[in-house]
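Chain IDs A, B, C and D follow the sequence of writing; residue 1 opens each chain.
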Amino acid sequence: MALMNGEQYRESLKKMRPNMYKWGELIADVTTHPATRLHVQSVADSYDAAFDPERAPLFTTKSPLSGETAHRWNTLMNSMEAVLGNSKMKRAQYQRTGTCQGATCAGWTGINVLWAVTYEMDKELGTNYHERVKNYFKHVEDNALALAGAITDAKGNRALKPSEQPNKDSNLHVKEIRPDGIVIRGYKAQICGVAACHEIIAMAGSGYGEADKDFCLAVAVPRDVAGLTIVETRRPSDARDEEEGWDAPKAGNITQAFLFFDDVFVPNDRVFLCGEFKYTGKAIGYFTAIYRAAIGACVAGQGDIMCGAAINMARANGLSQKAFQDKLNQMAINNEITYSVGLGAMLAGKGHASGLWIPDMLLAHVNKTQVAKLPYETKVICQDISGGVAETGCFPSYQDCQSPLYGAEVLKALAAGADGETRARAARLVEWLTVGGGIPGCMHGGGSPDGARMVVRAMEPWEKFAKEAKRIAGITAELADPAPAKK
Amino acid sequence: MALMNGEQYRESLKKMRPNMYKWGELIADVTTHPATRLHVQSVADSYDAAFDPERAPLFTTKSPLSGETAHRWNTLMNSMEAVLGNSKMKRAQYQRTGTCQGATCAGWTGINVLWAVTYEMDKELGTNYHERVKNYFKHVEDNALALAGAITDAKGNRALKPSEQPNKDSNLHVKEIRPDGIVIRGYKAQICGVAACHEIIAMAGSGYGEADKDFCLAVAVPRDVAGLTIVETRRPSDARDEEEGWDAPKAGNITQAFLFFDDVFVPNDRVFLCGEFKYTGKAIGYFTAIYRAAIGACVAGQGDIMCGAAINMARANGLSQKAFQDKLNQMAINNEITYSVGLGAMLAGKGHASGLWIPDMLLAHVNKTQVAKLPYETKVICQDISGGVAETGCFPSYQDCQSPLYGAEVLKALAAGADGETRARAARLVEWLTVGGGIPGCMHGGGSPDGARMVVRAMEPWEKFAKEAKRIAGITAELADPAPAKK
Amino acid sequence: MALMNGEQYRESLKKMRPNMYKWGELIADVTTHPATRLHVQSVADSYDAAFDPERAPLFTTKSPLSGETAHRWNTLMNSMEAVLGNSKMKRAQYQRTGTCQGATCAGWTGINVLWAVTYEMDKELGTNYHERVKNYFKHVEDNALALAGAITDAKGNRALKPSEQPNKDSNLHVKEIRPDGIVIRGYKAQICGVAACHEIIAMAGSGYGEADKDFCLAVAVPRDVAGLTIVETRRPSDARDEEEGWDAPKAGNITQAFLFFDDVFVPNDRVFLCGEFKYTGKAIGYFTAIYRAAIGACVAGQGDIMCGAAINMARANGLSQKAFQDKLNQMAINNEITYSVGLGAMLAGKGHASGLWIPDMLLAHVNKTQVAKLPYETKVICQDISGGVAETGCFPSYQDCQSPLYGAEVLKALAAGADGETRARAARLVEWLTVGGGIPGCMHGGGSPDGARMVVRAMEPWEKFAKEAKRIAGITAELADPAPAKK
Amino acid sequence: MALMNGEQYRESLKKMRPNMYKWGELIADVTTHPATRLHVQSVADSYDAAFDPERAPLFTTKSPLSGETAHRWNTLMNSMEAVLGNSKMKRAQYQRTGTCQGATCAGWTGINVLWAVTYEMDKELGTNYHERVKNYFKHVEDNALALAGAITDAKGNRALKPSEQPNKDSNLHVKEIRPDGIVIRGYKAQICGVAACHEIIAMAGSGYGEADKDFCLAVAVPRDVAGLTIVETRRPSDARDEEEGWDAPKAGNITQAFLFFDDVFVPNDRVFLCGEFKYTGKAIGYFTAIYRAAIGACVAGQGDIMCGAAINMARANGLSQKAFQDKLNQMAINNEITYSVGLGAMLAGKGHASGLWIPDMLLAHVNKTQVAKLPYETKVICQDISGGVAETGCFPSYQDCQSPLYGAEVLKALAAGADGETRARAARLVEWLTVGGGIPGCMHGGGSPDGARMVVRAMEPWEKFAKEAKRIAGITAELADPAPAKK
């Protein structure tokens, strides 16, 4: 079964052990609980896409490992076209739901990255990790699994390394190495899409040195593995996402969770890195290269919906989109920049000896800096076009609209270029996209823009530029960098 | 009683007839209902300020009408210093609560504007409106009233004038003129601070011509006047503002309401404009000049808190503010720009024959364009500094933190440069300020930036600039503006 | 002779008929005249690159037509890699000279575009233009020619079409069709690199309809063809570029010219389009797609030099680049964005039936909007880092530095972290790059950003976005675009 | 003679000793030499304004010292209205000439600042400097003098203090103290308007401590004082400013000079500070407060001309300004922001015990950061509107337009919505304003934006903001700033 439809997918989730919580209570069934059902629904939609002739080319591809058609998120990204496919699928997913979809994203990237890193490890260390990854990848494809990716640790004090933290659990770590596997322990934070996944790829959250060896790991665990407790996080207006009525759209939503690994055992065939610290930097490097090349497509897809939402609001207000065309253009330009910078990173990338296509790291990180900037401008323009009713969703609630006493009057007061409910729905979408539950967290999601700037700093050939400029200026004297000025 | 303290103020509100609703239900007591109590609390704090030696100079002033010390929002703004006092008080109010305070804002501006407009009307028309305003002003000061200002109509279709709307109620209008007063009817929308006010100044929402004469009015009505129904609006994460616990700060919040005037009778001494259409443009002009000169101080005050919130988050993450000083500087510069452009408008303003000081209209509207821009940049920087935990408030809820099962672990996972609860509170404030209930709605609140740009367009002396440039370029030929190019 | 070195290239130029003017005088020898020699020098450097093992891979490629190694600008861009090669070569050229190089740019793009357009024409019209292009391409490669591209017409009144202009010469047009060729007449303006080219590809400057049929043409003419007069234009600080001394760098410069075609005869084998109006839109479309995908690399290359120039200035001032690292990062990010958006356009492009690879038009035009924006920000940062001495080059001239009376004192006054002359040269480079002769004219060069925005407007699927947003918002009512609001 | 007209002013300059140089040669008469005459002309225009009823209110004022009407730049700025008058006059001056006017600017500010600083010195030290300033101020007013202000030193290595420089002359210093006066020596750099001034106010370029005592001075010297050599600097396209013809506008220009003080004797009555190091910081503080509050008016005035120039270009191209109204609006908004932030600084300022009105330092420095940013955006928009012909002035020279051979054709090629010469002149103005001789150097002129940012950093009450935010967030724990993270 390389392909599964949405219904089969839901059924597969229902069979899992409940180990997720929100609002202090257990989530008995992720497919129906208000906090998780919309994310499951949007992932199910991606599964169904495999059987939709129009969408199948985006959502499936021929697996390089099996030669079979597989869900795209179950395959190795072994070419420029494959990483481009990642971008195109993500933009399409955002266009379907208006927001982010975790369970077909970071875990997939993670297992791809491990494909390459274990290849290097085996070559250099004589380990057999790559074989494990290959077998696991086959398992994923055969069972059409949705994978979450757990990279970010809770971290603790940002000025201290993992091994210096007062609470070792602040970062996920290897607690014990047994002959048949390892025991891991600690916190992962803000992990996207766990509610809708089957399994979790957990990896070290940064590149570490020998002192932090215990924190160097990469494993795959079932979401409902023994010892793992998952607590869902809040999000802006999340209470509203869980309400009935149309005060929030219902096409999908995000989930993000804190993961508490309480001495979780991982058998050896699911351990892909354990203590080999010098490969953690590579893993993060490859991960961010792929992830940040593609994330521009995510925010572009949401930006597309913001364009549409703004157009609808203009019309619902009684105005033509023409009055706002310059602003819409600017929104579209922002969208296409992040999309295209990502594509540029792919074209400037290169193939890894293991077969993985790795986008250019410098350009991928440049993209991250824009993903942390342009969507915010786009949101502001979206609010500018939409008017005060959408800016902060400043009108009575769905419940008020149902009031027998005054509900009809509220809807009449909301009517403009469209009936009151239509305009209200249009406004709630803008609110949700810009200051509500639809915000994907593209600033720090997948790493902070400051981190990306540090990569830019490290990768640009500054001395070469200085030298070329000296030659052009006709300078023959030395011009070495002096010590920083004393304060 | 020209001065009242917070406790007296609360008591005065309790005596009023309940006519406000939210979530489909009546709000029995605005001083205790979760949806309104925080706004009342922040207004009460401003009343108390009159008795705090440190804050009294900002929150009170000598009334030009009575010569007595009065709450600043009960006085005529008769000098550059008086409008400056408005700005300074608003920045201080934002610094107290992190957000907007409606009941000491637009109504006060409104009655000031009517002071000048009725002066002109009486001069030119022989009416006695100015006397009515004077008496009403005295009533306000004597009773230390909080005034909401209802300017924005529900409007209906934005492409049609009030008189062309299918539903005449889309805009508040005079339904009947009686010997002893008038009957008004229709909707006002997104009216700030009604929950915490005693009375409402309702004015025409735009400048109108004769065809829209019925919509030309200015009146004062008690908040609980017969025939008035008030429905509170939603806001981002408003459910959370009403919860217990620390998932939202509790220092204050905003309320905004839809007002349904169902044949409300207003006696003549509270009618300040009725049908004199040519004065509605002036009223809106003076109103926006004062309002938009001061609004830069509002967003600066919130920006100050964003600076503080970002510093706290940096520290709670374990990092020094020094690492982010350039970003903090940029936030501060944004704050000071909107503050200072407003002050510039005041300095470039002039005294009206009636005594009112009216800031320069061009510069006030320029300020509005920045108020609709710079605070958004400030928010993005605030999120950038604060990290992922604050960006979308992406961590478990207050309730989860109380869970006997896993609450302690959640708080341990949140600990970093500070204990878990401290860091959580710091993060929730950032979330609230940037994507939550603290958003003041400075884009469209008090009118849209596009409206402000139209004023800029109308007021800049383009032909003078073109002529000066011709002279400098040494051009002697005619250079008239051609007809727009055919498409 | 598919490859020619710089010396051979210069010799080939010297043999041509002098028909260029500047300052009212004839330029006898473009290789030595102060106004043109630097551009010739930079093109010669590109010719020499074919024989430099390190640079040859960028500056040469295997010609798809002959199978031989050829100068890259003599070859068909028949793959994604080939258009990428265009970008890489241009970035390298800018890094060599700090500025633009016309004679290996637009003409090359032009003949590539004609390759595709004539392929379509022959298919649909039964003409034999494609064969002519093929033969001409062979001639270009065999003789290693430098081609200028003349697209922009003098235009005349921007509100009128070519056929409506009072002076028909405002746009280059076909004056007469003879059995053996055509006679063309009119003005081309701002044509880059003519001074250093052998031949000129002249094409219609826009897409035209039947009324403007006479203006629909594409031809190749020798630069010194009978009837063609060329007048070089001024540029910022161009007098300084022509001076002795180091008040301007001497690594290269730009030339741009007005071309006056006074009944120039073009034999049939050099006529590639003549009156087939419906193909002019395609030609411009393909041209801008290739040109605007690559232009991001041009400005990135100049931006690289601005980074280097700023670093040198910091050091010459006595300061470490570390003090300015955030600003340098921002410069680099700007550079990489335009570079990468262009690459993205290439990856999203597709192959034309004729073999030409055509970048995605939407993304290429998005790139143009950024090329008209980001380099300006980069310049401002470059000036910010460099200090007042570089901002406007505000220090005495080279001649003053030679004064026996006070020259030594001037140089002593200029000394800081480096000797006076070194600092002066470093400052002059910044001045030249940001407000002097090095400005490449990336705002309107190759078409205006407003034109690019019109393409964005035309190509984004706005209705699709609106529809998706409606579905997500749960709106079922119609929401068609109303007529624009009456003013 | 408190007032002088332009003709009298020119005569007074002619009488001075020639001690200025450019291009290695002596400038015999500043009123006629091509390098200086335009600046003299624009200052003369300001003198004439005193006799023009329309402009006199801006260019003259009642002197607080004498009670007589005086040229504004000869008076004490003793009120908010007086500093506002400074701004208004500067905006008007820029509107007259399109650029900066040095000889009525920094020297005037300097003597005002010394008025306050010497007041404090005399109070605290028992010196009699204030009396000297008072007498000198009388001399200035009585003789209607134009004063340049020499603040910026050549500085030398930016990482070293003046006393640490290898060449002590890098900063102007006191070489010898004699009974009757002092001998000063060293370099001042980039001093504006010297060519058109009568006298020079020279002050220490920064605030210094005791180690740099020798560099602490403030004096007034005649421009042609014995021992002073002045070398004019280059500027973008300065050669063109000196040419005949219309390739540069002729309404005014800037001069900036290097000043070489070679043991210049200053008699005691012209010495206002000598070694009192602790007052240099105050002097610079007051200077920048006044200067940076007003500089926003300067760039606004130039921005006004850019608006006009862009409108003229649109028309000369055949297009209506309406097509560009949004862009023009943005230009105007930029202009009004810097103008209004400056006014805000004035309103937030306060009176000094000596009578001087000192704008708020924080807001004045905030203004500087915008003056270093917004005019650059304005220029880019100006070029965007104007088209390629203006962007880099890319068309043949004035001389080419005179060619009997082809000049008429060039002008015909330039014709569009206006005749060729008109369009050429319009384009040259845009070029001059944006990348030519009209650039005022507002980035580093009067100090760098980084310096302004340091003041912002120093003056914002960060800890107060953090504390207020803590209170609002309900945080009770300590949150002190940790040590910066180790790298």
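Definition applied: contacts are C-beta pairs under 8 Å (C-beta built on N, C-alpha and C of every residue); 3 or more make two chains touch, one makes a residue touch a chain.
Keep in mind that this is a model prediction, so the values were computed, not measured.
*Asks:* Comparing B-D against B-C, which pair counts more contacting C-beta pairs?
*Replies:* Counting C-beta pairs in contact for B-C and B-D gives the edge to B-D.
*Asks:* CA centre of chain B versus CA centre of chain C: separation in Å?
*Replies:* A distance of 52 Å separates the two centres.
*Asks:* I'd like to verify one number: the distance from the centre of chain B to the centre of chain D, where each centre is the average of its C-alpha atoms, in whole angstrom.
*Replies:* It comes to 39 Å between the two C-alpha centres.
*Asks:* Return the residues of chain D touching two or more other chains; collapse runs of consecutive numbers into ranges.
*Replies:* Touching at least two other chains: 158-159, 318-319, 326, 417, 482-483, 485.
*Asks:* Quick check of your reading of the touch definition: is the inter-chain graph here a line, ring, star, complete or other?
*Replies:* Shape of the chain contacts: complete, all pairs touching.
*Asks:* Can you check the complex and tell me which residues of chain A touch chain D?
*Replies:* Within the complex, chain A touches chain D at residues 158-159, 326, 482-483, 485-486.
*Asks:* Within the complex, which stretch of chain C touches chain D?
*Replies:* Residue list for chain C touching chain D: 21-24, 152, 154-160, 167, 169-170, 187, 189-190, 229, 231-237, 239-240, 247, 256, 258, 260, 317-319, 372-373, 376, 380, 383-384, 387-389, 391-397, 399-400, 402-403, 405-407, 409-410, 412-417, 431, 435-436, 439, 441, 443-445, 448-450.
*Asks:* Please output the residues of chain C touching chain A within their complex, sorted ascending.
*Replies:* 80, 84, 95-98, 246, 249-251, 304-305, 307-309, 311-312, 315-316, 318-323, 325-326, 328-329, 332-333, 336-337, 339-348, 362-363, 366-367, 369-370, 417-419, 422, 425-426, 428-429, 453, 456-457, 460, 462, 464-475, 477, 479-485
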